[in-house]
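See the structures that follow.
Shared between the two complexes below is subunit A, which pairs with subunit B and subunit C, respectively.
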Partner chain A sequence: MIELIAQAAPEFNPFWGTEPSPEAIWKIFAAIAVGIVFMFLLMRVPTRSRRSIVMTFTFLSGAFYVVYYLWPEPINRGPNDAPSGFVDAGGFFLQDALPKVADIANVLTYLLLCLGIYSLTRIHLGRVVKKQKDWSFSVVLLIAMVAMIAVGYWDYILKEFNDPDKLLTKAENWGGVNYAYDMLFDGLIQQMDAAMFSMIAFFILSAAYRAFRIRSIEATVMMASAILLMVSLMGAVDYQWSEIIKGWTNDQPGNFLNNFNLSEVAGWVKNNLQIPSIRALEFGVGLGALAMGLRIWLGLERGGVSV
Partner chain B sequence: MQYLDTGKWHVIFTLLLVFFILFNIWRAKGKKDMFVRRIPGLNAIDDAIGRATEMGRPVLMVPGLGDLNAISAQAINIFAQVTKTAAQFGTPIRLCCANAAVFTLAQETIRDVYQQQGQIERYDVDSVRFVSDRQFAFAAGVSGMIHREKCAATFFLGEFFAESLIFAETANAVGAIQVAGSTQTVQTPFFIAACDYVLIGDEFYAASAYLTREPVLVGSLVGQDWSKIVVAGLIILGFVTNSVERSQPATQKRVDVDATADTEAYTTWEDVSEPWENGKPVLKRRQDTWLFKQFNPFIEQEDVIVEREQRQPAEAGEGS
Partner chain C sequence: MSKPEKSFWEKAQAIDRRVLYAVLIVCTAISLFFKTEIPVNPDDSSKDLYVSLMTIDPNKTVLIESDWTNSTRGESAGHFEALMRILMNRNIKFVLYSIADPQAPQVARDALLRIQEERKAQGLKVYEPWVDYLDLGYFPNAEGHLQAVGNNIRTAWGGRKERDEAGVERDVFTSPVLSGVRVVGDASLLIVCSASATIDIAVERLYGKVPLGFMVTGVMGPNALPYYQARQIVGMGVGLKGVYDVEYMMTYGVNYRVEGTNKPKVSYREESVTIPPVTEGTTFDRGARYFLPLHVALALMILAIILGNVAMFASRKKRVVA
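Let's look at the complex of A and B:
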C-alpha cells in the first residue's frame, strides 16, 4: 500500500494547474467516496473496536516515522540514480514516501477543518436563531466568515487560473474582488491582528507590576534581576556606572572590579543563570514529549477515554 | 538519519532513553501507590473547580495553538481529568480550540468523560468549541469569552505563544483562578507573572501520572527521571573532558572541506603550523575534542562518493 502511495504519483502533478484528465477526476471522486464510506463505517463501529482500529493506524503511521528516523539516508542521491543495494533502496523508498505520507496528514487536517467550521457555524447560527444574548456579534462573525471564504476563493481563482500573464500582481489591474480581498485581509485582519498584538505591551506592564511586588524572596530575586537587566540596557546609566568602575580600578583592564560593569553582570546572569535554567527545562520537556509520543504510538496512552 | 554526519551515538542514545521509559512502564505494571512528588498546580485543580461551582460560573480550558501532537494530546488528557470533576459537580465547562484536529479529539474525549461519569445529559455539545486558527483572532475570541462569561477558573495548558499573556491577564481581570503550563519555555515567565499556579517544564507531562496514578504513566515518569540522570551525567562528562582537553596544546586541527558539485562536505586534519601564538601555546578548539568527534564523525572523502547506476529518465520519473 505504502509502495503504491510512494511510487505511483509522478513528482509534480499539475492537476490544478492544467486541464485535469477525466481519469484523474474519477480517481479523486472515488477516493473521496471511499473516504466517506470508511469514516461512516468507523463511526458505526462500537467504541471499543474503534479504539483498536485507531491504535493500529497510529502504530503504522508512527512506525513509518520511526523507520524513517533510523534507516540510513541515501548519500549524494542524484535525480536519476538507481539504488546501489538493499539499504540504499530502503533509503530511496523512505525519501520518496515521506511527502506522500505527509500529504495524507494534510488531507486529514483539512477534512477536520471542515468540522471546525461546522462547529463554529452551528454555535453562532443557533445563537442568532434563538436571539440569545449578544447575538448581533454572531451575525458579524457569520457574515465575516462567509465573506472571507467567498472573496478569498474568488480572488485565488482569478489570480491562479485566469491570469496567465500575472497582470494581477500589480494593483492597477485589480478588479472589485481583488480590492475586496485586499481590504478584508490586509486592511482588516492584519490590522486587527496587529492591534491584538500591541495590547501585549500593556498586559506585560500590569503582569510585571503584580509579579515584581516584593511579597516573597522569589519575587524579590525576580525583581532584582529584572531591574539589573533593564538598567544594563540603558546606555546612559551603563556608561555612568562604568565610569565609576574605571575610577575605582584606575582604568586597569585586568582589575577584578571590572566584572561589576552592568553589562558584564547582566551578561553573567543571562549566560550562567537564565540559559542553563531554560536548557534544563527543555531537556525535561523533550524527555516528556518522547515518553508521551512513545505511549501514544504503542497504544499505552489511554488518555481521557480511560478516566 | 544521516549517520555520516551525526554518527551512531544519537540513535543509540535515543534508543537508550526509549528503553528506560519502556522498561519502567513494564516494571510499574501491577504496582500501586508509587510516589510522585507534590505538584501545587495540580492540587489546585479541585479548589478551582469547587470555586467555579460555588460561583455558578464556567471553567475555561485552552489547549494552546499547537497542532494535534503529543503536547495537545497531553493537554486534552489533563482537561479530561478537570472535566471529570466538573461533571460530578455539574459545573459548566468551555474548551476552546485553535486547531480543528485538536477540536475533534477534545470533543470526543470530553463526551467520553461525561458518558463514563454517567452524566451524559449534562454534556453540552457547544462546550467544546473551535474558535479560529489565526493566533490573534483566537486570542480575541477566547478573551471575549472570558469577559462575557466571567469564567471562575481557567486552565491554559499546551503550546502557547504571544497570546499567553493576553489570556492570563484577561482571566486575572475577571478574578479567575488560573492554572497554566506551556511547553514553550519562553512563555513560562509570562505565566509565572500572571497566573496563580504554573506547571513548569516537564511537570506538564507529569500531570496525567500525578492525577490518575496509573502505573503505566507513573512508570513512564520514572523512566523520564532515569533519562534525566543519564543526561545530567553526560553534561558532567562533557564539562570535564572538554575542560581538560581544551587546556591542552593542539598539534592537529580538524577542518571541514567545502562541498563540491558532486560530493558532500568531508573533513580532514591539518597540522598546526604555529604551535605558539603570542607566547602562549595554541589550544585545542571545540571541534578538536573527543566528545565533539563522537557526535560529529570524521568524514573521509571516499565516504561521500557512492557509485550508483543511472535509471532511464522515464523509469526515474515514475519512481520519484
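Let's look at the complex of A and C:
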C-alpha cells in the first residue's frame, strides 16, 4: 500500500522521463478512461446513496490531514533512512504520501476549473438558444471565452514547440496569433482588470466626502485615526513634520517630543489598536472555520454534501 | 412657490459626485507627469525587508510567490520590479511561481521582461531562464501545494519541466537554480508578492521552514501586520509607500553616510548594518512616479472630508441661529 500511494524514497522519480514515453501516454489515457467510467457510475448511483459516498470521501480526505498533523513527524530524515517501528513507519508513510495527496487535490482543482467552464458554457448557451433576457451579453461572454482559449493555446503552442531559437520573445518576430494574444490578454483583459480596480478610488473619494461626518463620538474617533493614517502615508508630510520635531528636540533621540512624529503616532495606533483588533477578528474567524470544518468533515453539515 | 435658494455651506455639503471625480482625475493625471523624488522616512517593516534582501547569501536561491495581477499593478508591479532589480543587481538566482490566480504567472513574466529589456538597454547582465531563474507557472490548491512544498519541495515540484539552454525539456531540479535545493529551507528567502490572502497561507504552511518576506498591497497590509509584529516574517513592504521606501533605500542605502555628511539619509536600528546605494541600473521608477499622485489623492480625500464636515457644522449653526 505504501509503495502504491507513495514513493518509498523521497528522491525525485519523474513520471514522464526525459521524453514522454508511449507507455506513460497510454497510462494517462487509461486513467482518463477509468475516470470517465467512474464518473458515469457515480451518476448511476441512486440519489440516496450519493450522500454517503460524498461523506465517505470527505471524511477520508480530512482524516489524512488530521492524522498528518497529529502523528509524530520524522526529524532530519535522510533519503536512505528506513523506519524503525510502527510510529516511524507511520510518519514516513504520511510524509511520502503528502505530495501525492496534494497532487490529487491539484488535479481535482483543475477539474473544478473545467467544471466551471462547462457550467458557464451550458448556462449561457441555453440563454442564447432560448433568447432569454440579455442573451446578447451571453453571446459576448461565449465569444470572448472561446477566442481567449483558442488564441491562448495557439500562441502557447507556437512559442513552446515551434520556436526553438526563442525568436518570438521579441515583438518584431510576432505573427497574427501572437499579436491577437497580446491584444486580448495584455491589451484587453489586463487593462480592464486595472480599470475596474482603479474605479474604486472614485467611489472612495465620493463616499468619504458624503459619509465621513462627525455625528457621534465613534465617528469622530474613526475619522481622526483615518486622517492620521492617511497623513502618515504621505511621506513628504511625515518627513517635514519629523524635521520640525528634530528642530524642537535638537535631534536628541531620547526626547519625549519624538513620540509625536507622525510615523510614531500612526505606528502606535497600528500596533496597539489595529493589530489586536485584527488578531481578535482572525481568532474568531479561525474558531468559526474550525467549527465549520469539523461539521463538514464529520458529515454534519447538510448543505455542503446534499446531492 | 419657488424653492429657497441653498446657502454656500449647503451647496458645499452636496457637491455633485461627477465634480469630485473630475477633480480627482485631473489632479492625479497631472501629477503623474512628474517623477519626483520626495524625502521620506522609510517604515521599519520596509527597512527590515530591504536589509534582508541585501544581506542574504547571493549563492542561495530566492523563491518568489507572485500572486498579483494587473488589478493592483499600481502597487504590486512596483514591488515586483524593485525585487527583480535587487536580485539581478546582486546576481541572485530565483524561482517564480503563483498560487492565487491563473493570470498571475503571465503578469509576472511581462514585468520580468520589462526589467530584462531595461537592463539590456543599460548594458547590464540579462537573466537567462533555466540558468538564472525558473518560471514554474501556476499551482492550484494553494494550501495543499504550500503544505507539500514545506513537506518535501523535491516531490512537490518534481515533474515540472523547463527548457534548458539547449532547448531540451528537463526536470527543474537539474537546473543551476534548484540543483542545490533539497528542502525548502535551502532557499535563502521566500518573498510573497501578493494582493490576496495567500500571505496567510504562506505563514500557516511555511513559517519556520524558510524565512518569509512580504510585498503586499495597502489593502492587505493590515492583514500582514500581525505576522510582522510577531516576527514571523523578516520584513514587508506595504502598498505604494512600501515601493517608494525600497526605491529610496536602493538610491541612498541604509546607514550609509555620504562623505561630508554626519547622518545617513536612512538610518537603521542595527548600527552594524551598512548597505551602500545601488550603483548600477534603475533605482527610482514606479514608486517615484506614483508617489506624488498618491499624495495628491490622499490630500484630496482629506480635503473632501474636512469640507463636508465644515459645511455640515456651518449650515447647522446657521439653522440654529435662524
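Quick notes on this one:
In this text, the second predicted complex is superposed on the first by the 196 of 307 C-alpha atoms of A that agree within 3 Å, B and C clash if a C-alpha of one lies under 4 Å from a C-alpha of the other, contacts with A are read in each partner's own complex, and residues count from 1 in each chain.
The working rule: a residue touches a chain if its C-beta (ideal position, glycine included) is under 8 Å from a C-beta of that chain, and two chains touch if they have at least 3 such contacts.
Since the model is a prediction, treat every value here as computed from it, not as a measurement.
By the touch criterion defined above, A:Ala150 reaches neither subunit B nor subunit C. Of the two partner chains placed around the shared chain by superposition, neither subunit B nor subunit C is touched by A:Leu228. Once the two complexes are laid over each other on the shared chain, residue contacts for A:Leu98 go to subunit C alone; subunit B is not touched. Looking at the shared chain after the overlay, A:Met196 reaches both subunit B and subunit C. Once the two complexes are laid over each other on the shared chain, residue contacts for A:Val45 go to neither subunit B nor subunit C. Using the contact criterion defined above for the overlaid structures, shared-chain residue A:Leu188 touches neither subunit B nor subunit C, since it reaches no partner. In the superposition on chain A, contact of A:Ser242 is made with subunit C only, not with subunit B. Contacts of A:Ala208 after superposition on the shared chain: both subunit B and subunit C are touched.
When the two complexes are overlaid on their common chain A, residue A:Ile53 makes contact with neither subunit B nor subunit C. Residues 7, 10-11, 96, 108-109, 113, 189, 193, 196-197, 204, 206, 208, 210, 278, 282 of subunit A contact both subunit B in one complex and subunit C in the other.
Subunit A contributes residues 7, 10-16, 18-19, 95-96, 98-99, 101-103, 105-106, 108-110, 113, 164, 169, 185-186, 189-191, 193-194, 196-198, 201-202, 204-206, 208-210, 212-214, 223, 227, 230-231, 233-239, 242, 261, 263, 267, 270-271, 274-275, 278-279, 282 to its touches with subunit C in the complex. Residues 7, 10-11, 47, 69-76, 78-84, 88, 92, 96, 108-109, 112-117, 119-120, 122-123, 126, 134, 189, 192-193, 196-197, 199-200, 203-204, 206-208, 210-211, 278, 280-285, 287-296, 298, 300-307 of subunit A touch subunit B in their complex.
Every residue of subunit C that touches subunit A in the complex is listed here, in rising order: 15, 17, 20-21, 24-25, 38-41, 43-44, 69-74, 102-103, 106-107, 110, 113, 139-141, 144-145, 147-148, 151-152, 154-156, 158-159, 161, 167-171, 173, 218, 222-223, 225-226, 229, 239, 241, 244, 291, 294-295, 297-302, 304-305, 307-309, 312-313.
Residue ranges on subunit B touching subunit A, taken from their complex, read 1-4, 11, 14, 17-18, 21-22, 25, 67, 70-71, 73-74, 76-77, 79-81, 83-84, 97, 100-101, 103-104, 107, 109-110, 112-113, 116, 126, 128-131, 133-137, 139-140, 148, 162-163, 165-166, 168-169, 172, 183, 185-186, 188, 190, 192-194, 200-202, 204-206, 208, 212, 214, 216-217, 220-221, 223-224, 227-228, 231, 262-264, 303-313, 316-320.
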